[in-house]
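Presented sequentially are two complexes of chain A, the first with chain B as partner and the second with chain C.
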Partner chain A sequence: MKIRVERDGLADAVAWVARSLPSRPPVPVLGGVLLDAGAEDGSGEALTVSGFDYEVSAQCGVPATIADGGKALVSGRLLADITKALPNHPVEIAVDGSRMTISCGSARFSLPTMPVEDYPQLPSMPQLAGELPGEIFGEAVAQVAVAAGKDDTLPMLTGVRLEIGEGKVTLVATDRFRLAMREFPWEPNESLGEVAVLVPAKTLNDSAKTLGASGAKIELSLAANDGLLGLSGTGRRTTTRLLDADFPKYRQLLPTEHSAAAIIEVDALVQAIKRVSLVAERGTQVRLEFVDSSLRLSAGGDDEGSAEEELPVDYTGDAVTIAFNPTYLLEGLQAVRTPRAHLSFTTPSRPALLKPVDEDGNVAPGYLYLLMPVRLPG
Partner chain B sequence: MANRLLMVKADGSVLVHSDGGSYKPLNWMSPPCWLIEDPDIWTVQNKAGEKIVITIDEVMHDSKHELGVDPGLQKDGVEAHLQELLAEHVTTLGEGWTLVRREYPTAIGPVDLMCRDAAGGSVAVEIKRRGEIDGVEQLTRYLELLNRDPRLAPVKGVFAAQQIKLQARTLAEDRGIRCVVLDYDALRGTDSNEFRLF
Partner chain C sequence: MGERGVGVGRSANLPRGLVDRFRARDGVWPDDTGCSMLHVDMDAFYASVEIRDRPELAGKPVIVGGSTNRGVVAAANYLAREFGVRSAMPIAHARRLAPHAVFVSPNFARYQEVSRGVMAIFRDITPLVEPLSLDEAFLDVSGALKRMRSSPAQIAQLIRAQVEQAHGITCSVGVAPTKFLAKLASGMCKPDGLMVVPRTEVLSFLHPLPVSALWGVGQRTAEQLDRVGLETVADVAATPLPRLRRLIGVALAEHLHALAQGHDDRPVVPSTREKSIGAEETFEIDHFDRELLRRELLRLAERSTATLRSRGLRGRTVSIKVRFADFTTITRSKTLRVATDVTQEVYKTASTLLDEQVPPGAVRLIGVRIEQLVEGDDGEQLMFDAPERGWREAEQAADQARSRFGKAAIRPASLLTQGPSRSGHDEPKPDRES
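Then we have the complex of A and B:
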């Protein structure tokens, strides 16, 4: 193999493919990225960079001048670190025997390669389900993935449930303390029908963010029976294994009515929560006291010091004090993505609902963040 | 003949190990049993008349170690978990109690739990799996230091353990430290009182 490729394109491709590689792979080849120059599909002058660890696969094409085609497998982390650090000159990659030489400007690296024949075959893309607007999908996934559980003792909680049907896509995630749900209209290919799958939240969020960033279309492919989801766009494709777990029956958790509601300025509240929660030891709680048209925030106690702050608020309902985990509340406020938000609740021990508010002051449909309060002291 | 490890324990048991099979010996005799050591041949016999006869061709290594009185097995993790559980269910120590924090820092090391009792008084809690005298001494040192802090004083002490030795209990109570015996399984079984969606 002997090729020449632009530094930026190569560094981006390798970084994207290597990001999902395991840091301590059970088999060393799974920590590698595969460089394939002059793929046999006849697409010509292109280098394909791929990675796969049996859970997630990623593949990315880079334009290249190919003097001599071939394949090579090298450590993904190392190659990502090297390409990122290279000066901005064309990069020449050559494989001779069992070593790969990377030359760029006056820098020269020589890496050991791993046997290509030991590398697993990447899964092929499942059946195309349809095209999604990249920006909307990326935003929706980020808004929902924030509520997914980080701890894999309960695997069903580490995923985002993706439901397709009735002319819309529904994304939901919950960690038992909060639940985020986003819906947007979408028509998949006719052959798909109604589907619901559970996708690992972190992987989906990473993929949706990078693929949707350029505002391009994302192609969603799905093989629910084989447990595989694929996303592709702008020369990149990735697949991930679906989680084989039952998602909780979440619809019944959504409150249908409330006795009190407030329209809040998100940014002002976020700043205030960050300030008062400085005294809330390890994110214990921040208390929200709604009285008439004011919201009094307080945190801490006699032992670690206390803080309070008052904000004007548009509030309807009886005076209520309700307490939340400040981190969860902040994440919810930041996921709403509108300057103002609608917070509704019934009692200090029942879940509160956070929704976006449009410019006219009405609750905007499509997103909700359900948050369980924490127990008030005493 | 194969290479074997022969182990004779102080209780009289004899075990024949190979370099595999994890903790399981190839063959063994449980006490009470008697070992008759003849040159090149060992005979282990119990009162039922069962015998293991071991033929020894070559001794590669022979050593004897007194392990002394067994101090008991201390498993890591349980103590930390007890602390976590008790922090979650601090009312186990008394109705109306609240947690100030786990690992409350002092100049001589962290106190396991710092709490407030129902009346608002500070209480330092030392948690052990087995409550012995040195644990009481440790808590006494913490209490002495904590009582110098005007924001906390007076600080009472609670010595909490899965089992508390009589001597440790006597010493603790003499110093005004309350002893609490913890039931690990009951604490573990208690559901957290955090609100959850489901």
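Then we have the complex of A and C:
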């Protein structure tokens, strides 16, 4: 193999592929990145960069001038570190025997290669389900993935449930303390039908963010029976294994009524929570006391110091004090993505509901963040 | 118990007239200017709580202690003390001294609850509260004086009145310029008393007392001092420091010499929080059997969480420690989303750590520790699908049963078989922040 490639294109492609590689691969080849020059994609003059660890695959094309075609497998993390640090000159990559030489400007690297024969075949892209608007999808996934669990011992909580049907997409995630749900209208390819799958939240969030960033369309591919989801766009494609676990029955958690509600200025409340929770030792609760048209925030106690702050608020309901984990509340407020939000609840031990508010002051459909309170002592 | 540690406190061995001179009587007490240290000591605390809860015990000698003859006296009311019954005395001995006394098994959960209420009264007055045990605490009221437009002794009387009104038990308070003097004073005015050691009379209060009154003088030091004719605090104060150093060593000599002059600059340190609570077990023989090790983890988790629950604490991080036959030792930990005091949660986490992160081998010691402790009254993060009553409530009920019927009353079924032989050192030990 002997090729010449632009520095930026190579660095971006390797960084994107290497991002999903395991930090401690069970066998060394799974920590590798495969460079394939002259892959059969029609044009002939292209380098394909791939990574796969049996869970997540990523592949990205880079324009290249190919003198000699061929494949080579090298450590993904090392190649990513090197390409990121290269000076802004064309990069020449050559493989001779078991070594890969990378030359760029006056810098030269020589890396050991790993046997290409030992590298697993990347899964082919499943059937195309339809095209999604990249920015909306990226935002929707981010709004929901924040509520997913991070504890691998409860795998069903580490995913985002993706439901397709009735002209809309529904995304849901919960870690049992909060639940985030986003819906938006979408018409998939006719052949798809109604389907629901559970996608690892972190992978989905990474992929949706990077693929949707440029505002391009994202192609969603799905093979629910084979447990595989694919996302592709702008010369990049990624697949991920679906989680084989039962998502909690969440519809029954959604409250149908409330006895108190407030319209909140999101930014002011976010800043105030950040201030008062400075004294909330180890993430203990912030207390929200609603009385008439004021919201009094407080945190802490005699031992660790205490803080309070009062905000004007548009509130209807009896006076009530309800407490939350400040991190969960902040994440919810920041996921709403409107300047104002609607917070409703019934009692201090039942879930509170946070929804976006449109410019006219009405609750905007499409998103909700359900949050369990902290029960105060006594 | 305040009475246990102090060498004086029973007026028998005190110079006559001294107690009467400083003790408050009919709302009159000596000058308390500058006496911002308070030592509050509940009177016969456990016994008083029992008598309050069971009025039929009033007017009788009451002894709180283990229900079998193998236990010791945890507390005795003043009527029982008249027969010579003292804290920490074997129950069998107490029975011989006071055969007609009422013997009651202790209910520590109840005492804990009352103690929390009493400490809350203190903390309403000043944040500078240093609890020494369930039933005594130092308070520094210097900051509260101005705010409350009050004097230290008035605050002490207020505390005594509030404790009696809210909890139906009495306490004694020493008011003095230093911690040491305040603690001496509260011991000397028991029960239900108030004593003020005025700033200007520190030495006339202190010097007639026997040397055993000095904090740090045990039986052995008292004998050493007595042998050279040093019987009272005044004798120690008058002894040149170099001579005292030769007699009892440098550190102790300097400490006692300062105390004997009335010097004690220890500040009140608000409650030291425990950093972690755990238990560990050294086996008599090394064990490979994972099933046995898991059972041991359950036993240790149960002990540690019972301690957490009794102190109103919960912890976020569970760690296990495994020492192999060759003494290599590993610890592995996992942090939970929500702090817990539930045995089953700690056990589940600990056994997952054992399964996933501990290589096979002959194990000599195994331990469980719960870290990142928070006060139980920090509030509890609720979950969507958690049942209203779960393991937590079941374990609280089991704690109650154990406190009434003894440790063997309720146990997880898997622990009912005979465990492996142990070396014995496995009581939960707090690891305090300095």
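We take it that the second predicted complex is superposed on the first by the 377 of 378 C-alpha atoms of A that agree within 3 Å, B and C clash if a C-alpha of one lies under 4 Å from a C-alpha of the other, contacts with A are read in each partner's own complex, and residues count from 1 in each chain.
Everything below uses one rule, namely that contacts are C-beta pairs under 8 Å (C-beta built on N, C-alpha and C of every residue); 3 or more make two chains touch, one makes a residue touch a chain.
It should be emphasised that the depicted structure is a prediction, and the values quoted were computed from it without experimental measurement.
S.K.: With the two complexes overlaid on their shared chain, look at chain A and say whether chain B and chain C clash or fit.
M.R.: Clash.
S.K.: Does chain B (first) or chain C (second) touch A:Pro356, or do both, or does neither?
M.R.: neither
S.K.: May I ask you to name which of chain B and chain C touches more residues of chain A?
M.R.: It is C that touches the greater number of chain A residues.
S.K.: Tell me which partner A:Gly130 touches in the superposition: chain B (first), chain C (second), both or neither.
M.R.: A:Gly130 sits against neither chain B nor chain C.
S.K.: A:Arg375 contacts which: chain B (first), chain C (second), both, neither?
M.R.: In the superposed model, A:Arg375 contacts both chain B and chain C.
S.K.: With the two structures laid over each other on chain A, which partner does A:Gly38 touch: chain B (first), chain C (second), both, or neither?
M.R.: A:Gly38: touches no partner chain.
S.K.: Considering only the touch criterion stated at the top, classify A:Phe177 as touching first (chain B), second (chain C), both, or neither.
M.R.: Once the two structures are laid over each other on A, A:Phe177 reaches both partners.
S.K.: Identify the partner contact of A:Gly300: answer first if only chain B is touched, second if only chain C is, both if each is, neither if none is.
M.R.: neither
S.K.: Considering only the touch criterion stated at the top, classify A:Leu253 as touching first (chain B), second (chain C), both, or neither.
M.R.: Both partners, chain B and chain C.
S.K.: Identify the partner contact of A:Gln285: answer first if only chain B is touched, second if only chain C is, both if each is, neither if none is.
M.R.: second
S.K.: Considering 23-31, 95-103 or 113-121, which region of chain C has C-alpha atoms that clash with chain B after the structures are aligned on chain A?
M.R.: Residues of chain C that run into chain B: 113-121.
S.K.: State which residues of chain A lie in both footprints, the one left by chain B and the one left by chain C.
M.R.: In chain A, positions 174, 176-177, 179, 248, 253, 281-282, 303, 349, 351, 370, 372-375, 377 sit in both the chain B and chain C interfaces.
S.K.: Which of the residues in chain C come into contact with chain A in the complex?
M.R.: On the chain C side, the touching residues are 123, 127, 270-271, 316, 337-338, 352, 372, 374-386.
S.K.: With touch defined as at the start, can you tell me which chain B residues reach chain A in the complex?
M.R.: For this pair, the touching residues of chain B are 98, 100-101, 114, 116, 193-198.
S.K.: Touching chain B in the complex: which residues of chain A?
M.R.: Interface residues on the chain A side: 174, 176-179, 248, 253, 281-282, 303-304, 349, 351, 370, 372-375, 377.
S.K.: Quick check: in the complex, which residue numbers of chain A touch chain C?
M.R.: 151, 153, 174-177, 179, 248, 253, 281-282, 284-285, 302-303, 323, 325, 349, 351, 370, 372-378
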